[in-house]
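Each structure below appears as structure tokens.
Look for chain A in each of the two complexes below; its partner is chain B in the first and chain C in the second.
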Partner chain A sequence: MTLMWVFLAVFGEAIAPFDPLGVPEDVLNRLDSPSADHWFGTDQLGRDVFSRVLAGARQALTVALGATVLGTVVGTLVGLIVGYFGGIVDDIISRILDAFLSIPLVITGMIALTALGPNTVGVVIVIGLVFTPLIAKTVRAAVLAERQLDYVSAAQLRRENPLHIMVVEILPNVTNVITVEFTVRLGYAIFTVLALSFLGFGIEPSVPDWGLAIANHYQFLTNDVWWPVLFPAAAIASLVVGINLLSDGIAQAYE
Partner chain B sequence: MNSEVAVTPNERVLMVDNLGIEYRIGTEWKKAVRDVSFSIGRGESLGLVGESGCGKTTVAMAIMHYLPRNGRVSDGSIRLGGREVEELSPSELRQVRINQVSMVYQDPAKSLNPSIRVGRQVEDVFELMKVPKDEWDDRVIDILERVQIADPGRVVRRYPHQLSGGMLQRVVIAMAIASEPELLVLDEPTTGLDATVEAEVLDLISNLRAEMGTSLLFISHNLAVIRKMCDKVGVLYAGRLFAEGSAESIFTDPRHPYTVGLLRSLPTDDVSRDEAKLDTIPGTLPPLGAEIVGCVYADRCPIVQDICRKEEPELNPLEGNRTSRCHFPERAPDLPRTVAEDPPQRQISDSTLLKITDTSKTFEQEGRPVFALSDVDLSIKVGETVALVGESGSGKSTLAKVILGIHVPDEGGVIELGGDVLEDSVQSRSGDSIRSVQMVFQNPDSALNRRHSVRRIVGRAVQRLRGLGRKRAHEHTRDLLTEVRMGHQHLSAKPSHLSGGLKQRVAIARAFAGSPALVVLDEPTSALDVSVQAAIINLLSDLQAEENVAYLFISHDLNVVRYLADRVAVMYLGRLMEVGTAERIFGGPHHPYTEALLSAAPDRDEGTRIRLEGEIPSASDPPPGCPFQTRCHRKIGEICETVEPPLAEVESGYSIRCHIPIEELARLQQTTPEKS
Partner chain C sequence: MNKRERRQVDAIRRRSNEIQNHVIDEFEYGKISRREFIRKGSIVGLTLPFVGVIAAACGSGDDAATTTTLAGATTTTAGGGAATTTLAPAGPTTIRVGMNPGPAVGIEPVLINDEIGLAAFGQTAQYLVFSDDELNAVPVLAESWESNAAGDVWTFNIRPGVTFHDGTPLTAADVVATFNGPIASGNAASAYGTFSFAAGAAVALDDLTVQFTLDQPSGAFPFFVSSDNYNAGILPKAFWDSYTEGSYETGAQKFIGTGAWINESYDPGVFAVYTKNPNYWGDNSNQPDRMEVTFFANEAAAVTAFQDDQVDVIHHLSASGGAALIEDASNTVQSISTAQHRQVYFDTTTPPFDDKRVRQAMAIMLNRPLLIDGLLGGFGSVGNDHPIWEFFPMYNPGAVPQREQDLGEAQALLDAAGYADGFTAALDTLEFSEMSALAQLIQSTAAQLNNVNLTVGVHDVGTYYSDYWLAAQGSMGIVNYGHRGVPNVYLGAPLLSDGTWNASHWVNLDYDALFDQFVTSPDLETQRGVAGQIQTLLNDEVPFIVPYYLDFISILKPNYGGFETTGMGHYDAVNSGFTG
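Let's turn to the complex of A and B:
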């Protein structure tokens, strides 16, 4: 399922039957129910929902992926440093991380994006930084356990520098933790990205985006116009469930 | 002891017949145990002995019907008190486990729930036995007294982590015997414990057995423990029973090449490394479920014949009511030695390599000082082996880490290497001194990076310690592997693909990467099987002769120490209590603490055992006067409680920390019969 969405993220726009951005000539097609022509119906501007769902995969995945990669890289670095040096370094940085963790995710994002204005890079950076403390804490715990093992002492006994010990000796032994954390966070990142776009933050209005699509159409639900909301929502659910299954699989493979 | 137990051979508490057990690995079922038969009569004790992976624990788990989900009994039968275990319903099984059979596991800390008070956990047993609630308190105290816990009223209110390992094992044994089971299954019950504590737990088990007439199934890799505890012994190898018979016959007159090999690979009292090498068992255990034509031991057997490779031998009955799964049991006693060559010649020079003066180490724990090392003075000569012995918590590993520069000692101490003062911390030491002092850790699984290949592990050490480029380092890595008798085919293997012995060889190769002058060996063989241990000890002894390296050898196994060490230092509570040549330390007269340590070995008679009262005191609150006075059986009076005796050199090369004059100790120790 995840693979399907990754495939669609890359090729979705190419295989979409209609231009996801374009408006068909016949404006009477607005809010058409699903038919042979428009499998998922059309939205309030007469655009093909099916095409926009396919194309929306790219937006959701790239932003979430970018944010998660950023959060994982920074979080891993912080976790390695904190876990390896311990002591006062750990005390100070861990408290800072805790302080970050106490701020609600979506609100932080909204404030930051209001300041930055709607742009994709902003979303990536904001969500990435919000995830950093979570990942850092997980990596720190794993590094603390590794640090007790004698191979670290053995490396110190040949006077390896701390960077070598962290990156060459310890990092390969915590990659399993990082991979699992990465996939779990990816699922959350998709939710966060779409929640922000649903609330109207961070995404330019013309970009095909599932969260935005839901936001623009949920008021029509009362008029039995369910398709422009249901199909993007189903897309979100299937992607997130797929990623969670994937992360479970990875976690199990490491056991 | 054995004579006190009435054995009625007709009453079989446990009968195991042609037992076969399989594990599912991936999609395949692999045989872990085949055709194992034995039985235990009322009051009898049977020992199952064998190296790791031989199926000992699997058999025990099958008896308890506790096999993991991927395990199953594929053949044969297990009958407890005449009833087939496999056919019991869940509720019947529960009753059997409550009333008939109990098990004690290796690690007591893992068998108890860490978040429930000990008393409550013992109560559970009585609850299961449907004892009325108002009797629980008394019964708990009662059963804890039975396992000789001195202050049960205090112990019941403790959580498991507040008690020592020996105390926890007593609690677990108390829970196991509370229902007076017919059969007690003990899986390595003393393996994680100090020798002094082990001796007490074993005494306790023997006493309880004599009192209650319980039958024992005693599982251990430790031959001396099995010999002490059991009437009958079964030797397991690769899931097969190789030999069975009375403990006496198995150990004094073994009739299977494997048993002979095992017994020979143990260091004994009377031989030191300069007199003879240890015999080893070459090769390794076949992998789980391997289909082997003929005898499974053929590849490792020194007297293998053609028939051994074609036909698997039966468990043949021999005279004296015993069996051996061998085609040629009569040849086993005259097994040729597998290690025929003479021990390497070596010279210990008189020049001092390492000199430690007035070194102390104080840790801080919750704001309170912990005195881990106090005023240690010790020297090691070039090419010499100095052993550090003492119970856990005596400061052996701390001393090693201070020498290595992992721990920074307190102000005032001086460590000199070859005449030059060593910097305190490894970070500030010169490349040369780092190269010169290296370490082999206790557990190779922890000491080798599991994500790196052997080539990388050893190669990196060569690069760093010798300052070689990649290509030269690679050549040297190959040489090092040859030196530790490892084939080059292992170069690209990860540690998880190597056996325990090979892993330890990699760790040794790494320590020798920079031609060190001193290698600290922290219990280098305690995680290994007996036959592998012998090979590693031989290797260490060869390397020492070849490289003229000095060893600081930390061990709790006094037989290994006696075999390998030139000098011995006995530690207690961060202090050296006695330092002298191995001959002198083992020959006596001893420090009272050493005397107690020596008498705790399982091959000593119980009659001469010196019981150490209580546990090693906390290093954050050491007793006043002599550190050993709280447990000393030869305490002479007030002076011991108020004045700490100095470590005095009373003979040339022999120092002792005791108020009792050495002549007096000699006289005292002569009156107690002592084997050595």
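Let's turn to the complex of A and C:
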């Protein structure tokens, strides 16, 4: 299922039957129910919902992937430093991370995006930085365990550079933790990206985005117009479930 | 006209001032229609009996006749015979009104700046004059009015026998306290600020006469003191003497007024209950006993409540959000044409929009009938890039042809302006009604030109007005302008070089001079001539696009009737009720 969405993220726009951004004249066909021409119906501007669901895969995956990569890289770096040096460095940085973690994720994202304004790069940076403390704490715990092992002590006795010890000696031994954390965070990132766009933060309105599509059309549910909401919601569910299954599979493989 | 009618008209002429006689001349010589004569006559202070006599003597019966009852004040809105709108009978009953959202700044006479707030305020408070849905100036707390020959001194005769809800009589002192009080100071964002006549302009000549001395002549002054100037609801002098912000909702004289409804309770922004005013000055014999008003958080909630039979009417809803109710043939759809419009403005001070050819290209690329059909469900009329609505009497129909879509011409204009390879610009608007959809359609239309990329930003109301509206730099924006009885507000604040709402940052001294001529025009013919020049100038310069004007739509249950609204959002449920 995840592979299917990855495929659609790459080729979705190319195989979509209509232009996901639509043309002005589409508006005359607004909120048409599913038909042979429009399998998933049309939205409030008459755009083809099926084409926008396909194109939306790229938006969801690229933004979430970018944010997760950023969060993983920065979080791993911070986790390595905190875990390796310990002591007062650990105390100070861990308390700062705890302070960040005490603020709800979506609230932090909303505040930051209000300040930055709506743009995709801003969403990637904000979610990436919001995930940094979570990943840093996980990596720190793994590094703390590794630091007690003999191979680290041996490297220190050889007076190797701390950066070399962290990156060359310890990092390869915590890769399994980072990989599992990455896939778990990817699922959360997708949810967070779509939650922020549902709330109207971060994504330009015309972009084919599943969260935004739900936000723009849930008001029509009372009018029996379910298709612009149901299909993007099903896409979100299938992608997030697929990534969670992938995460479980990777964790089991390492075990 | 027979001899008897001629004598009657001559007698009226002798009792009328120069401005009033000019209006009579325009009608007698066929320069204005019966409908325009009645409207213009009511503005310049011709009393309704006089208007009726002259209309009967000179008129040709060109307009259909209707009579509108407004909270006890009856006026004929078109000449000829009397075909009275039959309002639904009412017994001991409760009506339930749905509105959305809640009042933006509460029910606060000084600060009100939104449709819901003014509509709620208008249930308990009343105005000297009511600007009705056909642009007539209807006498309410002012029984009549007249101006001097120059049009810069206006005298209003206050209706005798009117009492506030606490039993104190309405006097000229209350009117003076209202106009010279807190609403006249530090209130630039509201309607009163835009009408801007000098503080202290109102003087009581006696207990029932108030005179306003203006800085400059104005033929439309009755609208300045009407419900269009929605902050100017007449409240007691004692209220203003002890006024503090919020005291209309919580003070000792909360929700006081002269209106047909007395407030029983108010849960801010959620629910309000009103009861019939037993001492109302007008005829409210058909008034329901009780009115419950629910403020919904959004349009979807209001629609659901209507479908669940929790309300009898939704005061105002959009064609898109209310489509399910509008398309349900069992409901009653009331729509009235209004001057409400969207302004798609450009920052005229920086590239690319400092070149008017680029602005013209953006205007000419739009398919306006498509926008009306697609976004408004047909409930609207096309605009022509100036805010003088076609139903304003001073609108000049021959001034400038209607702009129609021509993508080839739009691209040619961009080529000539040096933007053959396109440009990128921001287009910001607020989350309100169809405005986000309009922005996206402008974006997708622009994409049909060569490499013209608009980045759409949709913001909540507070963020938009604080961070984007007047701060546009090299970008475009879309803002909403509510209905007005006269276009003075539209032509002033958003367009004058020093206008407080000039989001385009457009500076044009020729326009400033035309505006002065427009507001001081002594008669309709002169004003129409100036309006034509304004229409032509704005259509050519395009500081903003006016793509369309919106109808005001209300939805009523099939067994409920008599609920009247205006384009601005005021509503009158006094003569509403149920049938069957």
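Just so it is clear, the second predicted complex is superposed on the first by the 249 of 255 C-alpha atoms of A that agree within 3 Å, B and C clash if a C-alpha of one lies under 4 Å from a C-alpha of the other, contacts with A are read in each partner's own complex, and residues count from 1 in each chain.
The definition used in the following text is that a residue touches a chain if its C-beta (ideal position, glycine included) is under 8 Å from a C-beta of that chain, and two chains touch if they have at least 3 such contacts.
Everything quoted here is computed from the prediction, not taken from an experiment.
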Once both complexes are superposed via chain A, do chain B and chain C end up clashing or fitting? fit
Thinking of the overlay built on chain A, is A:Gly200 touched by chain B (first), by chain C (second), by both, or by neither? second
Applying the document's definition of touch, where does A:Glu169 land relative to chain B and chain C: first, second, both, or neither? first
If we overlay the two complexes on their shared chain A, which of chain B and chain C does A:Gln219 touch? Say first, second, both or neither. second
Just chain B (first), just chain C (second), both, or neither: which does A:Thr114 touch? second
Is A:Gln156 touching anything from chain B or chain C once the two structures are fitted on A? First, second, both or neither. first
Quick one: is A:Leu246 in contact with chain B, with chain C, with both, or with neither? Answer first, second, both or neither. neither
In the superposed model, does chain B or chain C contact more residues of chain A? C
Give, as a whole number of angstrom, the minimum Cα separation of chain B and chain C in the superposed three-chain arrangement. 49
What residues on chain A does chain C touch that chain B touches too? none
Would you tell me which residues of chain A are touching chain B in their complex? 149-151, 153-154, 156-160, 169, 172-173
Interface with chain A, chain B side, in the complex: residues 404-406, 426-427, 429, 431, 434, 438-439, 441-443, 446-452, 460-461, 464-465, 510, 514
Which residues of chain C touch chain A in their complex? 298-300, 303-304, 307, 320-321, 323-324, 367, 370-371, 373-375, 431, 436-437, 439-441, 443-445, 447-448, 455-458, 460, 463
Can you name the residues of chain A that touch chain C in the complex? 21-25, 27-28, 30-31, 44-46, 114, 117-118, 200, 204-206, 216, 218-220, 222-224
